[in-house]
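Some structures to go through are shown next.
Look for chain A in each of the two complexes below; its partner is chain B in the first and chain C in the second.
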Partner chain A sequence: MHANFLDPFQSRPSLVHSLDARVKVVLVVAFILTSALTPTGAWPIYVMLIAVIFSAEIVSELGLAFYMKRALLAIPFVLAALPVLFTIPGPSLLSLPFGLQLTQPGLERFISVALKSWISIQAAVLLASTTPFPDILVALRALRLPRLLVAIIGLMWRYLFVMVDETLRLLRARSARSATAANPALRPGGKLTWRARVAGGMAGSLFLRSLERSDRIYNAMLARGYDGEIHSLPVPAVPPSAWAALTFGLLLLAFIIAIGRLIY
Partner chain B sequence: MFAAPLPMHIPDGFLSVAVSIVFWVISVIVIGISLARVNRDLGERQVPVMGVLAAAIFAGQMLNFSVTGGTSGHLLGAALATILLGPWAAVLVMTCVVAIQALIFQDGGLLVLGANLFNMAILGPFVAYPVYKLIQRISGGKPWGVFVGGGVAAWASILVASLSCAFQIALSGTSPANVAIPAMAGIHALIGLGEALITVGALSLVYAARRDLLQTGSAQPVRNNTAVWVGGSLLTLALVILSPLASSNPDGLEWVAEQAGFLETARDPSYNIIPDYVLPGISNEATATILAGVVGAFIVLAAALALAYARRKRSA
Partner chain C sequence: MSCVVEVEHLSFSYPDGHSALNDVTFSLGHGQKVALVGPNGAGKSTLLLHLNGIHPRQSGSIRVSELDVEGKNLPRVRALVGLVFQSPDDQLFSPTVFDDVAFGPIYQGLSAAEVHTRVEEALEMVHMEAYIRRVSHHLSVGEKKRIAIATVLSMKPDVLILDEPTAGLDPRARRSLIELLRELPQSMIVATHDLPMVRELLPRTLVMDGGLLVADGPTAELLSDPALLHDHGLEM
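And now, the complex of A and B:
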């Protein structure tokens, strides 16, 4: 089995896919910033943000269901915001045992946090699934990230799948050597410390193998004339249509922020 | 997902913009320093070594062992990377891992990436390094120093990172300090045990197979790590001392309610929550929300029509 399924990019001939990656990165970050700046309880603004992200998702031709499934990822963290339901003072909506009071402002704050994270994660999913990784790297370079860091991230991406394959092999080897008992009380794999030690040994050997592999890669790079400089193609200019999309998107978001600030 | 969803990757929406920006600034500075330091030590080898090791740490987070009742211990890897590569290289490796998790796998948000980088890529190595070195020095170079030091460093790096995570959430007013800090610390004191066990297992393999990596530190040629010593120790002490102060108080919920109310007021007076705010505003607000809903529905409809049009044009 190969780990290419990890790559979230899904090719489609849509407008969102063909939009310049630099513009897409800027717009996605600006969109997430807009949602972060939206005040608690400003429901009309949240509705507008949802409309914007839903439209982009529809135009991307991947289907809303795909996004809804991926957006569930942030759900477990919502637990961290649960206590605000009871700790922000305000008119009580519901009394629970242990003297907890569900308050109106607490509920507003909780729903706002959950909505913000749901809206933001959809934008991030949109970026990752409509942009091939090399284009994201070009965008990071265009946004003036240090060239070395971009080069390291690029190489990491290239070997990510190799190392995940390596890890899957390690995991398969472990399960091949572990017996399972029909009696569920007999846990396979010995005592807890033994199981942890085996997992640790796998991590250690993965580390050693990757260290050796990086030596080989370095030698191969030297053989191909690597001199410490990362040579990359010049970043092409942003086409006028992408500029237009960027301007329109930023104006729309500025408008949404302005409404939020004026009304609330 | 393959990236272990540890409850430490903060998603977008949970931190205030001010907190996000402050941690972005701190993280960018420290990562810049690490880039320069690692470039000096490794030179042109930096790109392949850091890239492949970052991929290995990412993949290594899939390694797990069952603990009990369906739960399992995972590896985060910050301490292991610090012990084997030195703190600066570990910062760089973990930066790549955390950045890819956020950019591609939505494990952690983009706007809050600065805070996540600070917790996992900077604090992790900065805590692990002084703890490991201190215990190793106490042991006088005996083998147990490597294992005990590695285990304690791994546990401490997880715990302190989770404390910092809880502080960021509390500072943003998303969760009260006296609930968030003990909860995060409690969960991660346990998760940290799994990390410690795996790290010790990994170190014992490296000790058996490539002792040179641990003894001469050939993978980490840097000797002058004063900044990490001082910074890591101070950060650890500050978080460990502040946590009980922020989370223990006689009046419990009442006190936090006050604090939360105070934070609320201090953060954004323009939408201050006043008890009687809802009653006069409610009709306006409902109208505005319905209006926004109608406008939003039109926008989505327009998008769907545009899509249908584009498809028909393409197939024609």
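And now, the complex of A and C:
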């Protein structure tokens, strides 16, 4: 019983997959910044950003449908932007109960925020689906993210799967004992409050075990000479072709920002 | 003779195409205790998870106490088949021993009085009556194993399925667990690498390797066949 389905990485022989992870991380962060810097209502710029991310998605050979499904992750962020519909002053488009006014600048701002979240999430999904996680960690280290932080992210990733496996085994043990009585008149399932208590107990025991596991892991680290300092092998140099891709990508994004600033 | 467990032509392959069970057929009579042995990855655990329908069946048939293991029978089958997982930490998911042993009976909708009787009976059968108020988290491995067995005994199963019951136990805990399994009247299937226990406790043995049931016969006969043991990675 293994939670491999959680790993977002999808192996394909595409150009996007083979691009150096450091370049991909920089480009994705730069792309998200570009989308954040795009002014409200600059619709042509959004079209350009969408064209860029769609192109990358098509080149990655995973199919647009795959990305559209994963990009639904943006919905909570879009919901968080709902209040701007009513809080930005301007000409009213529609009057709603409770004195709420849907304003035109509010609507523009909301659509812009929604597009930005959708575009940015796609970039993050692209990175996670085309780059094995260990490569992303190496990239973060190469980009001078504090080593301790990288180590913590790495441990989290490693043990997330262990915990999910453990959770799945607990759930399996529970369903193995979720049975009906010999007397068919009795209704199985128990009370809702009791079921909630059982689930709470399971969460609690997972917490206790994780705590104990972290102690054991730390001891195992100490036993192999861990002294509070994370050491790692040097990262190989970025190949010229990757430099070229990085330069091209950054220039393209700078161009998009420049147009946005000049026109709006 | 009617049988508690009847498995016929059971085959199963994982989504990646790896075949875990290949045309497995055997039956288990009332009160019979059999060993299921074989190397890691032979398909023992996959077979056990089929017996109460946790793994959906792909082809072949499984019957437990005259019930087909599928669809609407599954809730009843799960009470009749007491599956004890290898790691008692997975089996014991409630804060206290009482909560855990009571899980099955409460889920079945039994009355509070009946639940208490069931829990007390089950703990008595594994000689752990004194532990009823204890916190599961703080028990030793041997104690957890006994409680894990009690959690299925409280459902009054017809057959006990144990996955590696003696793994990780010290000699004394192992000895007392073997005595406990000897006392229990239920039919049982014990998947294990502990061949000395098999010889001592279980008169019949099934040998699995590579998803196939390669031998099924009296334990004394099978365990004194050096060629068979060697071919399937077993050691006395």
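In this section, the second predicted complex is superposed on the first by the 209 of 264 C-alpha atoms of A that agree within 3 Å, B and C clash if a C-alpha of one lies under 4 Å from a C-alpha of the other, contacts with A are read in each partner's own complex, and residues count from 1 in each chain.
Assume a contact is a pair of C-beta atoms (placed from the backbone, for glycine too) under 8 Å apart; a residue touches a chain by one contact, two chains touch by 3 or more.
The structure presented is a predicted model; accordingly, all values stated were derived computationally and were not measured.
By the document's definition of touching, neither partner reaches A:Pro236: not chain B, not chain C.
By the touch criterion defined above, A:Val198 lies against chain B and chain C together after alignment on the C-alpha atoms of chain A. Once the two complexes are laid over each other on the shared chain, residue contacts for A:Gly63 go to neither chain B nor chain C. Judged by the touch definition given at the top, the superposed model places A:Ser178 against chain C, while chain B stays out of reach.
Contacts of A:Arg169 after superposition: chain C is touched, whereas chain B is not reached. In the superposition on chain A, A:Leu208 makes contact with both chain B and chain C. Which of chain B and chain C touches more residues of chain A: that partner is B.
Looking at chain A, you'll find residues 166, 170, 187, 189, 198, 201-202, 204-205, 208-209 touch chain B in one structure and chain C in the other. Residues of chain A touching chain B in their complex: 6-8, 13-15, 28-29, 32-33, 35-37, 39-45, 47-48, 50-52, 54-56, 58-59, 61, 70, 73-74, 76-77, 79-84, 86-91, 99, 104-105, 108-109, 113-121, 124-125, 127-128, 133, 136, 146, 148-149, 151-160, 162-164, 166-168, 170-171, 187, 189, 192-193, 195-211, 213-214, 217-218, 221, 226-228, 230, 261, 263-264.
Of all the residues in chain C, the ones that touch chain A in their complex are 52, 54, 75-80, 83, 85, 87, 89-95, 99, 103-104, 106-110, 136-137, 151-152, 155-156.
Of all residues in chain B, those touching chain A in their complex are 1-2, 5, 7, 9-17, 20, 31-32, 35, 39, 43-56, 58-60, 62-68, 73, 75, 77, 80, 84, 92, 95-96, 99-100, 102-107, 109-111, 169, 173-176, 179-180, 183-184, 194, 197-206, 209-210, 213, 219, 253, 256-258, 260-261, 264, 268, 270-271, 273, 275, 278, 285, 288-289, 291-293, 295-297, 299-300, 302-304, 306-307, 310, 314. Remark: chain A residues 166, 169-170, 172-182, 186-190, 194, 198, 201-202, 204-205, 208-209 touch chain C in the complex.
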